[in-house]
Amino acid sequence: MLKGPFLDRNWMGQNEDYASSDVVMLGMPFDGTVSYRSGSRFAPELIRLASWGMETYSPSSGKDLKEVSFHDAGDLDFPLGNTYKSLDLIRENVEQIYAEKKRFFGIGGEHLVTLPAIQAISKFYKDISVVHFDAHTDLRKEYLGEEMSHAAVMYHIGGIVGFENIKQIGIRSGMKEEFNLMKKYNTKLDFPEQLIKLTNKNVFVTVDLDVLDPSLMPGTGTPEAGGFTFNELMNWFKELRGLNIIGADVVELSPHYDSSGVSTAVAAKVIRELLMCM
Amino acid sequence: MLKGPFLDRNWMGQNEDYASSDVVMLGMPFDGTVSYRSGSRFAPELIRLASWGMETYSPSSGKDLKEVSFHDAGDLDFPLGNTYKSLDLIRENVEQIYAEKKRFFGIGGEHLVTLPAIQAISKFYKDISVVHFDAHTDLRKEYLGEEMSHAAVMYHIGGIVGFENIKQIGIRSGMKEEFNLMKKYNTKLDFPEQLIKLTNKNVFVTVDLDVLDPSLMPGTGTPEAGGFTFNELMNWFKELRGLNIIGADVVELSPHYDSSGVSTAVAAKVIRELLMCM
Amino acid sequence: MLKGPFLDRNWMGQNEDYASSDVVMLGMPFDGTVSYRSGSRFAPELIRLASWGMETYSPSSGKDLKEVSFHDAGDLDFPLGNTYKSLDLIRENVEQIYAEKKRFFGIGGEHLVTLPAIQAISKFYKDISVVHFDAHTDLRKEYLGEEMSHAAVMYHIGGIVGFENIKQIGIRSGMKEEFNLMKKYNTKLDFPEQLIKLTNKNVFVTVDLDVLDPSLMPGTGTPEAGGFTFNELMNWFKELRGLNIIGADVVELSPHYDSSGVSTAVAAKVIRELLMCM
Amino acid sequence: MLKGPFLDRNWMGQNEDYASSDVVMLGMPFDGTVSYRSGSRFAPELIRLASWGMETYSPSSGKDLKEVSFHDAGDLDFPLGNTYKSLDLIRENVEQIYAEKKRFFGIGGEHLVTLPAIQAISKFYKDISVVHFDAHTDLRKEYLGEEMSHAAVMYHIGGIVGFENIKQIGIRSGMKEEFNLMKKYNTKLDFPEQLIKLTNKNVFVTVDLDVLDPSLMPGTGTPEAGGFTFNELMNWFKELRGLNIIGADVVELSPHYDSSGVSTAVAAKVIRELLMCM
Amino acid sequence: MLKGPFLDRNWMGQNEDYASSDVVMLGMPFDGTVSYRSGSRFAPELIRLASWGMETYSPSSGKDLKEVSFHDAGDLDFPLGNTYKSLDLIRENVEQIYAEKKRFFGIGGEHLVTLPAIQAISKFYKDISVVHFDAHTDLRKEYLGEEMSHAAVMYHIGGIVGFENIKQIGIRSGMKEEFNLMKKYNTKLDFPEQLIKLTNKNVFVTVDLDVLDPSLMPGTGTPEAGGFTFNELMNWFKELRGLNIIGADVVELSPHYDSSGVSTAVAAKVIRELLMCM
Amino acid sequence: MLKGPFLDRNWMGQNEDYASSDVVMLGMPFDGTVSYRSGSRFAPELIRLASWGMETYSPSSGKDLKEVSFHDAGDLDFPLGNTYKSLDLIRENVEQIYAEKKRFFGIGGEHLVTLPAIQAISKFYKDISVVHFDAHTDLRKEYLGEEMSHAAVMYHIGGIVGFENIKQIGIRSGMKEEFNLMKKYNTKLDFPEQLIKLTNKNVFVTVDLDVLDPSLMPGTGTPEAGGFTFNELMNWFKELRGLNIIGADVVELSPHYDSSGVSTAVAAKVIRELLMCM
C-alpha cells in the first residue's frame, strides 16, 4: 500500500470518527427546483475545498474549529431529476443522525433541502423554532404550480413547526401575500437582541447565503441588493451562541457565478462560524 | 404618440409581417430537463440581441438575409417547471405554422424542444429525414429515470420518423448502447457529400451548438472537445442547400458560460447561415 | 396566426397602453462621448431583460410596480456616431411626452442623455430642481475639448435650471474647480432629510449608477470607491417620495463589466424603486 | 540615485537606442471611432507587458528577436475625442520615421490608425502594396455617416495606393457592395503562395487581429467565426519573409474581452513573428 | 451509521480496491517552482470533480473506462514550500507502486513532478523511452538559477534515460540552445506513425496540457498559440495504444484561468483517453 | 527623433526629477513566498496604468497629488525565484533613498517586501512605530517551515522595532498564538483616534490591501470577509495626516483575480490617498 501522506479530502478540522462526533455535516447537492440561476448542486464539494484556505481559529468567537466535534459525512447521492426521492433520502439520513443522538449540519444545495431535515427533526424534538436568514420570504404556497419548491420551503416548514415559530432575518424580497403572512405571524426580527426570546426553544438555524449583500455574495441564484455585510451577519451569530441549537444548514451558493472565488470562501467562513455557535 | 425612431427589437433582417412570411422563427426558452449546466432558457433573447452585431450579407452563400422571408414570432411563454405543458405549447404552435403552409425555425432552449416540433410536423409531412448535428447521440431511452429528457430526444424522434431516417453528424460522446443503436440503423454521416442521399426527402435540420468545438463554443451545457470548427460546419451547411428543408432548429446555447460573448455571436451566425439554406 | 402565449418583452409590470399611462419609460442606448470604459449603450435592453427576475412588489415602499402606470416605449434608434442628432432625437421625444401631459423616465446610456431631457422639460416647467446622484460632479465646462460630454452634463444643466437648483448627492470625485463650483452654489446635500427643502419645486431626479459603491456596481464606466450601499441609496429615495417628481432617469450601467450579472440586477431594482417614488 | 536594477518597461528585445535602430515601434492607443466593443486603446501597453512572457527565440523562423533592430518609441499621447488631430499626430510621427530612413511598426488601437501611416509612407515610397489580414473588408465609403471610420480604412487606403494594390487575406464579413469591390479589383488572396507576386513591390502589412478565429482571439471588437488558426496565419507570414516590407502594423486587440489573457499573449506573439519578417 | 447513499468522491470509474488494480492514479498538487501563472496545485481535485461530467465510454477507442483497472489513490500532501521534500514524497510513493507491480498514472501539478516519477521507475525498468507532449522543450539546465524547475524537467530526465530516448511532440517554444539540443539528439517527432519505432521500448508518456492550443486550453500556466486541436492529440494517442506503456502523467492545468470550465473538462477527457491507451 | 507627444508611462502626477523629489515610489514585483493565490508580482505595473484613470485632486483631503513631490522610480528587477537576493535588492535601494534624505513609498508585491524596507529605514531612524493595516496578523515565526514568508513579516519586523511599536488595524484572521501575541503587546487599535498616541513617533505605514472587504477587493491573495469599506479606511487615513510618516507601502494586490478592474482602481486610489498623508 502507498504510505502517502495523502491530503485529507474532508472538511477542514472535522472529526474523522462518526461515532464520537456530536455534529454530523451532510452535503446535499440538490438544485432540482431552481428555475433562475442554478448550480447550487456543485456547492458542497467546492465549499469543502475552500475550507482548507481558512484558519481553524476564529478570532470573533475566540474558539477553534477543532473544539466542535463535527464529522463530515460526505454528500448524498441523489437520483438526479427526482425531487421526491431526493427529499426522502435527506429525511431518512437526518432521522438516523438524531436517532444516534447527534445533530445535523446541512450544506446545500437549494433551500428546499431544509424541509425534509425539519420533518425528520420534528420526530425527535417538540417546540422547535426556526431561525431563518434569507433575502426572500420563501413563504409561497406553491411556485410555478409546484408545491415542492425552494420558494415555498418556509411555508411548508410553517405547517410543521407553526408559523409563529419561524423567525426571519434579512428578508427584503417577496410577494405582498408573503409579507402579509409575515406580519400576521410576526415572524420578522429586526435586531440581534431579539433572539434572546428563543432561549427556551429548540432552535434550528437555516442560512440562505443570499441574506448577505450581493457585493460580497454574487455567487447565488437570486442576488438581492440591500443585504447584510459579513459583520452584520456575525452580530446575529453572536446572539445565537446562547441558544439551544439542535441543527442548522447553509444553502444556495451557486459557484458558477463566483468568478473571483470570494463567494465560496465566504460560504466556508459562514459555516465555520455557525459551527462554533453549536 | 412618440415618433421615435425606435430600435427594432426583433431578429435582424426579419419580415415584420407574419402573413407574408415563408419561415417562422420561434423562440423556445425552455431548459427544464437539463441537469448539468443549465441556462439555455436565456438564449433566444440574447441571440436576438447579438443578431444586430452581424451583417445581413453572407459571403459564404453570397446571399442576404433579407432574401429569406422569415418572421420572428417572439418567444413562447412557458409554464416554468411543467415539462409536459411546455412541450404541448410548442407542438400546438408548430402545428399552426404548418397549417398556414409556413416552415418552422426554432431557437432553443434545450434539445428536448425538437421533439414536439417533429411531432407537429409529422402530421403534415411523411418521409421525414432528420439531420442531427450534435456532440452527443441523445439516443437514450430515458435519462435519470425520466423519459422526457434532452438526452433522449433523438430516441423519441426515431420512434416517429424511423431510426433509419436519422442522420447524425459530429457525434463524439454517448454510452455504448447508444453507439450500438447508431451502428444498427447506420445513422452516422462522415462526409458532407453523403447528404446528397437525402435529396428526395423532407429534411428537418436540428443543430445542437455543442457540435462545435468548445474552443469556439464554451457557452453550452455539456462542452465536448473534438468538435467542428466553424468552417467545417459551414461545409456541411453548403450541402444542405440543395435539400428540401421543411424545418430547422438551433439549440443548447448557455449564455451564462459565455463570458466573452463569442458563443452567442457564433450562435447568431449559425442561425443566419442555416436560414439561408432554407 | 400563432396563439402563443408569448413572453412579454417589455419592462416587467408596464402598462401596455401608451395613451392611458402616466409615466413613459424611454431607453436611450447612447454612449458616444464616453472615453474610458464604454458600453452603456447595451444597458437599456439588458436591464429590461433583468427586470423579469424581480418581484413587482417592493417591501421597502409597500407598493407594487403595477400601481405605477408606466409605459415602456422601447429604445430610441440613434444615428450611431452623431452626438448632436442623437441629442435632438431625445429632446424631440421627451417634448412629445410632456406635450401629452405625461412624465419621462429615461434609461441610459451615458449621462449626457439627461441634457436634452432637461432642455425639453424646461419648456413645460419652470422652477425645476435637479436632484443629482453621482460619484462625479460632471461640472466641467468641457472635457477633452468637447462641450457635449458626459463629464459636462451638469454644467450645461446648470445653465438651464440655475446652478443653485442642482442638488448633488454622493459626489466623491472631480477636479478642484468643480468642487469650488459646488461650494459656490451650495449644491451638495449631506443628509436625506435635506431633500425636504425641495417640497415646492418641480423635481427631476437623475441617478448615475456609479453613486453606488463599486463593490455592488462594478459594471459602470468609472467606478469610484467610497460609494453608497444599496440601503443608503434607498434612504435617500424614501425622502424623494414626498416631492413633486416631474421626471427622472437612471444612467451609466456598463453591462460588459458585469460578469456576475449583479450590477444589471441592481440597476433594474433601482429603477423599480425610483418608479415607485413618482 | 538608485542603483536598481530596474525592470525594463519597453518591449522585450528592443534596441534601446533610437538612432541605430532600423524599425521603430510606435504605440497608437486610439479607438475613437469604434462603436461596438471598444477598448483597443488599452492594447499597446498591455501587449508590451505580455511581451515579457515570451521567449525572444522563434522556432518557426529560427531567428531571435534580438536580430531585428527595433526600437520601442512608446505610445502617442492623443487628444482623446479628437479624431482628426489624432490622425495628424500619427502621420507626423510616421513621416519623421521615414525621414530618418527607418521603418514603422505600429501597434493599435483601432484599424483607422493605418490610414495616416500609409499617407505618411506614400510620401517616401511609390508602388506600395498593402497586404491586409482581416475578417472584415473595411471597404465602406463611410460608416454611420462618418468617413473617418475603422470600417472605411481600406477604402481610403485604396484611394492612395490604388485598390488593385490591396491584397486581402482572411476576409469573411462585409456588405455585398464591399465584396463586389473586392471582386472588381481582385483584392482577395486565397493561398500564401500568391504573395510571391508582390516580390517587386514595396509592401506594407496590416494585421487586424480578428483575422484569427475568435476561439483564439476573443479579445477583439468584432469577433467573426471562421478565422485562421495561429498556424494558418504563420503559413502566410512565412511567405512574407521574402518580400520587401517597408512597414507594418498590428491592430484591434480589445483587452477588456480577454479574461484569460490568451488574446493578449497571442497578439504579442503575432508581433514578434511579424517583426521577424522585416 | 448513515446509510446514504453517498456520492463517490474519487475519479469516475476507478477500481476502489488498490490491491487488485493495475494502474494507480496519484494526484500531485505541487506548483512550487512556477513563476508565471501558478495554481496547478488546485488541478487534481478539480479534474476529479469534472471527471463525473463525462461518460465512461470512449467512442474513439471503443472502450469503457471500467475496462481499465485503475485505482485513485488521492492526492499527496506536500510540505508546501519545500521542493526537495515534495519530490522525495513522489519518488517514494511511485517506487512503492512499482514494487507492487502496478503502474503509475500521475496528475499534476506542475511538470517538475515527472522527474521523481522517472527516477523511481528507472529503478524497475531499463530501456525507457519518454514520450513528451508539450508546447515547451523544458530542456534548460536551470531556470532562474534553480536546477529543480519545471522548465528543466526534461533536461534532468534526459540525464536518466538518455536524451536520445526522449521523443518530443508539439514543441513550439524555447531558447535556441534547447532547440539545438533537440536537433542533436533528434528528439522531435512530426507524425504519429513515428511512434511505432518505440514498439520494443518501455514507454513513459508525459502530457503537458499546454500542448493543446490555448483556444481550447486557456487554463494553463504558459499558453502558447499554435498547439494541437483535441483531435490531433487523439491521433497521436491512437498510435500509443500499441506500445508498452509503463507509466504516464498529465500536468499543468491551472484552473484559475479556466473561467468557462472547458479546460478542466478537457483535462479530464485527456486523462480518460490516456488511461485507455494503457 | 520623434516629437510625439508620448504618453507618460510613470505614475500619474509624479515628479519626473528624482533629485528634487521628497518621496520615492518603488515598485517591488515580488511574490515568491505566496502559496495560495499568487500574482501580486503583476501589481505595480497594472496599478501604474490604472493611476491614469483617476483625478489628481482628492476631495476628501482637499489636496492635489501634484502637491506631493513624489518620484516614480520604476520597478525593481528581481532574480525570480531567489527570495534572499530579492530582499537584499530592496534593502539596498531603500537605504539609498534615506541616504539621500528622501522617503520611501513602496508598491508590492507580497507583504514580505516590507521587511527589508524596515531593515533599511531602521539604520536611519530610531523610535519607529509601524502602523499595520491588514486582515491577517502576519505574526507567525515561520510559515510552512520557512522563516522568510509573507505570513511572518510582522513577526520579523517586531524583532526590529519592538512588538509594542506595532499597531495593527483591521486584523480578523490568524492562529490563536498570533492573537495571543497581539494581546501581550497590545498591538491592536480599534478606533482611528487612537493613532494620536503616535504623534511623537517616526511612523511607517504598511497597507495590506486585504484589509478592505473582499466585496471591494476580490483581487487579493487571501480574501477575508468582514473587512473595511473604503470610507472606513479613509477615516483611519485622516488620522494619519497629523503623524510624522517616514515611509509607507501598499501591498498584496493580485490582478489576476480582478476581472472587473475595480480592485486595481481601488489600489491606485488607496495609494493616492496615502501619498497625501505624507
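Which chain is which? They are A, B, C, D, E and F, in the order written, and residues in each are numbered from 1.
Here, contacts are C-beta pairs under 8 Å (C-beta built on N, C-alpha and C of every residue); 3 or more make two chains touch, one makes a residue touch a chain.
The structure displayed is predicted, hence computed values, not measured ones.
The chains that touch both chain C and chain F are A, D.
For C-F, the matching interface among the pairs A-B, A-F or A-E, defined by over half of the contact pairs being the same residue numbers, is A-F.
Homomeric contact chain A/chain E is classed as same-residue, with over half of its interface positions used by both copies. When the interfaces D-F and C-D are ranked by C-beta pairs in contact, the top one is D-F. The mean-CA centres of chain B and chain C are about 39 angstrom from one another, to the nearest whole unit. Chain C and chain E have CA centres that are 55 Å apart. The residues of chain D that reach two or more other chains are 37, 213, 215-216, 257, 259, listed in rising order.
Here the chains touching each other pair up as A-B, A-C, A-E, A-F, B-C, B-D, B-E, C-D, C-F, D-E, D-F, E-F. Chain B meets chain D in the complex at residues 53-55, 57, 59-60, 64, 213, 215-216, 229-231, 234, 259-262, 265-266, 269.
Per the touch definition, chain F reaches chain D in the complex via residues 1-9, 18, 24, 26-27, 29, 42, 45-46, 49, 73-77, 89, 92-93, 96-97, 259.
Residues of chain C that touch chain D in their complex: 33, 35, 37-39, 79-82, 143-146, 149, 256-257, 259. Partner chain F is touched in their complex by these residues of chain C: 36-37, 171-176, 179, 213-216, 218-219, 222-226, 257-259.
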